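Can you read through this structure? Questions will come right after.
In this document, chain identifiers A, B, C, D, E, F, G and H correspond to the written order of the chains, with residue numbering beginning at 1 in each.
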Amino acid sequence: MTNPIVGIVMGSDSDLPVMEQAAHQLESFDIPFEIRIISAHRAPREAFDFATSALGRGLKVVIAGAGGAAHLPGVIAGLTILPVIGVPIESSSLNGVDSLYSIVQMPSGVPVATVAVNAAKNAAILAAEILATSDNDLRQRLLDFKEKLELDVKGKDAKLQRLGWKDYK
Amino acid sequence: MTNPIVGIVMGSDSDLPVMEQAAHQLESFDIPFEIRIISAHRAPREAFDFATSALGRGLKVVIAGAGGAAHLPGVIAGLTILPVIGVPIESSSLNGVDSLYSIVQMPSGVPVATVAVNAAKNAAILAAEILATSDNDLRQRLLDFKEKLELDVKGKDAKLQRLGWKDYK
Amino acid sequence: MTNPIVGIVMGSDSDLPVMEQAAHQLESFDIPFEIRIISAHRAPREAFDFATSALGRGLKVVIAGAGGAAHLPGVIAGLTILPVIGVPIESSSLNGVDSLYSIVQMPSGVPVATVAVNAAKNAAILAAEILATSDNDLRQRLLDFKEKLELDVKGKDAKLQRLGWKDYK
Amino acid sequence: MTNPIVGIVMGSDSDLPVMEQAAHQLESFDIPFEIRIISAHRAPREAFDFATSALGRGLKVVIAGAGGAAHLPGVIAGLTILPVIGVPIESSSLNGVDSLYSIVQMPSGVPVATVAVNAAKNAAILAAEILATSDNDLRQRLLDFKEKLELDVKGKDAKLQRLGWKDYK
Amino acid sequence: MTNPIVGIVMGSDSDLPVMEQAAHQLESFDIPFEIRIISAHRAPREAFDFATSALGRGLKVVIAGAGGAAHLPGVIAGLTILPVIGVPIESSSLNGVDSLYSIVQMPSGVPVATVAVNAAKNAAILAAEILATSDNDLRQRLLDFKEKLELDVKGKDAKLQRLGWKDYK
Amino acid sequence: MTNPIVGIVMGSDSDLPVMEQAAHQLESFDIPFEIRIISAHRAPREAFDFATSALGRGLKVVIAGAGGAAHLPGVIAGLTILPVIGVPIESSSLNGVDSLYSIVQMPSGVPVATVAVNAAKNAAILAAEILATSDNDLRQRLLDFKEKLELDVKGKDAKLQRLGWKDYK
Amino acid sequence: MTNPIVGIVMGSDSDLPVMEQAAHQLESFDIPFEIRIISAHRAPREAFDFATSALGRGLKVVIAGAGGAAHLPGVIAGLTILPVIGVPIESSSLNGVDSLYSIVQMPSGVPVATVAVNAAKNAAILAAEILATSDNDLRQRLLDFKEKLELDVKGKDAKLQRLGWKDYK
Amino acid sequence: MTNPIVGIVMGSDSDLPVMEQAAHQLESFDIPFEIRIISAHRAPREAFDFATSALGRGLKVVIAGAGGAAHLPGVIAGLTILPVIGVPIESSSLNGVDSLYSIVQMPSGVPVATVAVNAAKNAAILAAEILATSDNDLRQRLLDFKEKLELDVKGKDAKLQRLGWKDYK
């Protein structure tokens, strides 16, 4: 069995419906990953252990999702030199703005690579882009993926021209 | 020498001009305190040690100031059962809204007692109110402080009536 | 019967579904409390009486929830030296931002310990942390509570490892 | 000497540079007024006394300016049936948004007539409009004032046409 | 039949479910009013005629509700010296913040008395307070109304004490 | 068959329910148009080709709708001197504020004519106004349209007067 | 002398430093224009006359700048079928967000073509793009302008490559 | 001479004072880079060429800074599978919120790794972390850098303990 090279972590199992989109996307790229529920606030020792051991265990990228005062990505970034991708999750009454600011506004010296609110799928694509900087096979899969994105849009446009805007569904 | 019962911590020495207002206020209440520069992101091990040892070393309240993705109060709150007072510091281009959201929107189970942006003095008063729940002498000092607040306002109003609004300065 | 040491107050019975989470949590900590509907705007005399009598009646902490132009926590804080915990309630069209700003941005001299929007449960935990600064039994209950928080997260993570992310529910 | 019929109140003498614009405007309308420094948070008893006695002392309108968690207008409105005009003052790091929300988002039953951030002059004009509903002389002064507003704009436009936009100053 | 002394206007019949709360409240105060659909943008001549004729037709207060780029209250205020009360209506995707800013941030010289988002009932109460500055009967009705507000809160509090928070409904 | 003179483009078929309102409105003005699905991010070459060929193919106005980091209007505006109308679509958790800022805040030299969030119908009306600057027939249709807007409002007001506010539906 | 075909209007002479950028830009395109100070709130009759006469006097586009509750562009758009370009001016404590929302969030039927905060120059370029839909000479000037924009950027990039980033100034 | 493996791009030379911090940081890590002024709006062909050639020319990471409707990072991300790091630059009246939203809220399929407003230095550190996933020497330099961050904080704390908070400077 292949060792995971990406770690997906989230602060609560209520974040799983969002974060499993990252898992699906990594799977489709054939990138081995682990997925964990780890809370920076409720189980800080596990977060500490996860982050400090990540490099040694062979992880190359961490994807961390969190909502509200979303500290998990930043706490991990403080404890490892691996690139950490943060996914702000819309879990409170403030529309995810709190999650976004808590993740992206990191202090000098400790970046978190932040994606859009709830954009776990994009986090996985970014992880793949990072890994592809040294993996030619993955690079090709990404080029294929990007071509497919373009073909999908062109297909929808062709369908719209064919059916007309009144009959498109 | 008296052991500190309040810990004032901040993420950077650039926060000191704000946070020293807490120190002044505690001093005026005769509350012994320690003051530390501890970063949740740049020196996470020290933050971990500070937070996990705080109760055992005799601290009763922690005041933590931070700006931007202001994780320090929340990280400490995750590691201790002491009440943690968070001071959002206006240190970025977002007017302190990022700091406020990052501190106040804590998840269920781990509160941070948040005060206004840059309100380090109020953090110290809140710490005194907390300590006064079991300290009658301090309670009296707080009652005196509150009376003085009222007298100050009444004094300014009396001055305004005396000088008139055109000559008040 | 035990005298209440925490007062839970709210401006309207429509706030009860949020604020009863504070009651449940205090109950689980065995902390005696009273719960009141008191409006700073519609019944200001009762708010005045509640706040000025709170200390003398033996209360040690006040938890006040309010929405919109949420003045109740601040009005009480102006009339007592007890620590006042404010719960911003999301009751208007502005997502609770108005409630949050109205509660947290208190002027110098009169702090309100603000928790997250709708976070009445956290307000109760904070009240317990405050009381535990002089109550060793309660301190132990809080340590147990914090341990349970950690165990819950670890239990969910273990379940996720066991079931896998595709079958977790 | 004429009894005041408008009360101008503010929470702190630091608000005077804004609030004195209301005084100037009332003076230019020949409306007798009183001006007070009264804090809802630091001197709540005086605020209580001011508000409950206002109607009996002959006041017809109250103008209240406050910043941050700006409770003064709402607290007064809870204690009187006089129309209360609120002036949000930009006194904190949040650009006056906190003051605006704290003043305007009053609960059902207790309105505050809110004007723009720092718009003390407009508060005085609004007070005059309210008083003019039963004062024909004041009505005429308001009609003259409005005509002058229009003439000022037309005068500036005429000057712009005369000098041209490159030479206008 | 009594001539109307308050004019309620709104930009669209889709605003009626909010604005009819003002009508109900005025009716309960026995204040005669007219209610109109008038758009500053789609029927500007009618808005112009309404505003310029309001004073002459005997109106004393105008209540204007509008959403989005909510110009109706301000346009009317530019054309009359009657007090204009603005009700920001939450009718767009921006939660009513656009309506609030468009109504409250009026330029110097032309105030609009702004109430909370969707607070048409409070607009009517404010209109009553304005009219009561010269109407002793109405003043008494307002005092009764305020007393009833207080009794309602006290009644709910009494019910809460009687039933307990677990059984309150 | 008439050549299109307006191009409606959108980044995804999920934007069609909003953007088809522009199509309906252009149709009612008898303005020939084309409608395309073109993504600035997923099919950038097609966006490039569309924008650089638009002028030569006879288009006179482009209407572009997009949500989130809504780049499509701006990217097209960078590649053509045709007027580009941007429609911010509310497609993310941030209420359309992200779409609005991404479209309206264009740098010096490259304007996008931005309309309200989701206001595709208004985009079509604006396109008609632009085309009418050199088309007298269309000008007349716009004058008729504007008159109808006014009649609609007056009709609703008349109905309100007839039925009364309690029976209006 | 050429008749103006663009009207630049602003609510106050304090807006002139921003709006004169539109004048400069129109001048550089050789587009004849008039420039007026017209207030929707303080001189509404002039605004009414300006807007209703604009089409008849030969104007083809209106550029209107305003700040705060920025009604001028929308009021004009309600009274003419000419395309109206709105420039939100940052003139209040709210960073121009109030101006932006007040201008862009127009109701269905009455669009305003909104540009970025303070972007009067872009408003003029947009006016030129609109006029160029029926003016081949102006079209060529716009193509030249766009080419120059590109050359400027390329020139700066070339300079950066030549001097290096440490010596660029 | 070494070929660049990181490309730093910005939309305008006015962004250079922010973006040169990325250059300094990459230099200190001995990472070869190129630095370009490329505008997605004013020189879109160069942006297109830069992005489509980046992978082939040996770049491994792109750092793109932009302000306002900040399209540059997203436009590049649409044209390459290299990881693109976006730096929101505070260049407009909206405090950088517009830049942040325009960069981070990318649609599904095309991520941009967003850092804090103006955080060009952190963008360079993130680039280094990405490159270090396949470069052991660089990994060591990052570990050293992280250790130095920690030592700096500890040094400042030690100085604070030595000098005391009243004499710290």
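Simple rule for what comes next: a contact is a pair of C-beta atoms (placed from the backbone, for glycine too) under 8 Å apart; a residue touches a chain by one contact, two chains touch by 3 or more.
As the structure is a computational prediction, the values presented were derived from the model and not from experiment.
Undergrad: Show which chains lie in contact with chain D and also with chain F.
TA: Correct list: E, G.
Undergrad: Given that chain E and chain G are copies of one sequence and touch, is their interface built from the same residue numbers on both sides (over half shared) or different ones?
TA: same
Undergrad: Look at interface A-F and say which pair in F-G, E-G or G-H is its repeat, using the rule that over half of the contact pairs are identical by residue number.
TA: Answer for the repeat of A-F: G-H.
Undergrad: Average the CA atoms of each chain to get its centre, and name the chain whose centre is farthest from that of chain G.
TA: C
Undergrad: Distance from the CA centroid of chain B to that of chain C, rounded to the nearest Å?
TA: A distance of 19 Å separates the two centres.
Undergrad: Let me have the rounded angstrom distance from the C-alpha centre of chain F over to the C-alpha centre of chain H, please.
TA: Distance between chain centres: 35 Å.
Undergrad: Distance from the CA centroid of chain D to that of chain H, rounded to the nearest Å?
TA: Averaging C-alpha atoms per chain gives centres 48 Å apart.
Undergrad: Just give me the whole-number Å value for how far the CA centre of chain E lies from that of chain H.
TA: Chain centres of chain E and chain H, defined by C-alpha means, are spaced 51 Å apart.
Undergrad: Specify, in ascending order, the residues of chain A that touch 2 or more different other chains.
TA: Residues 12, 39, 42, 68-69, 92, 94-95, 97, 104-106, 109-110, 112, 116-117, 149.
Undergrad: Report the complete set of touching chain pairs.
TA: A-B, A-C, A-F, A-H, B-C, B-D, B-H, C-D, C-E, D-E, D-G, E-F, E-G, F-G, F-H, G-H
Undergrad: Given the complex with chain B, which residues does chain C contribute to the contact?
TA: 60-61, 81-83, 85, 100, 104-106, 108-117, 119, 121-123, 125-126, 129-134, 139, 142-143, 145-146, 149
Undergrad: Can you check the complex and tell me which residues of chain E touch chain C?
TA: Going through chain E, the ones touching chain C are 90, 95-97, 116-118, 149-150, 152-154, 156-157, 160-161, 165-166, 168.
Undergrad: Would you tell me which residues of chain G are touching chain D in their complex?
TA: Residues 12-13, 16, 20, 23, 35-39, 42-43, 45-46, 68-69, 92-95 of chain G touch chain D in their complex.
Undergrad: Note which residues of chain A are touching chain B in the complex, please.
TA: Touching chain B from chain A are residues 11-12, 39-42, 44, 48, 67-71, 74-75, 77-79, 92, 94, 97-98, 101-107, 109-110, 112.
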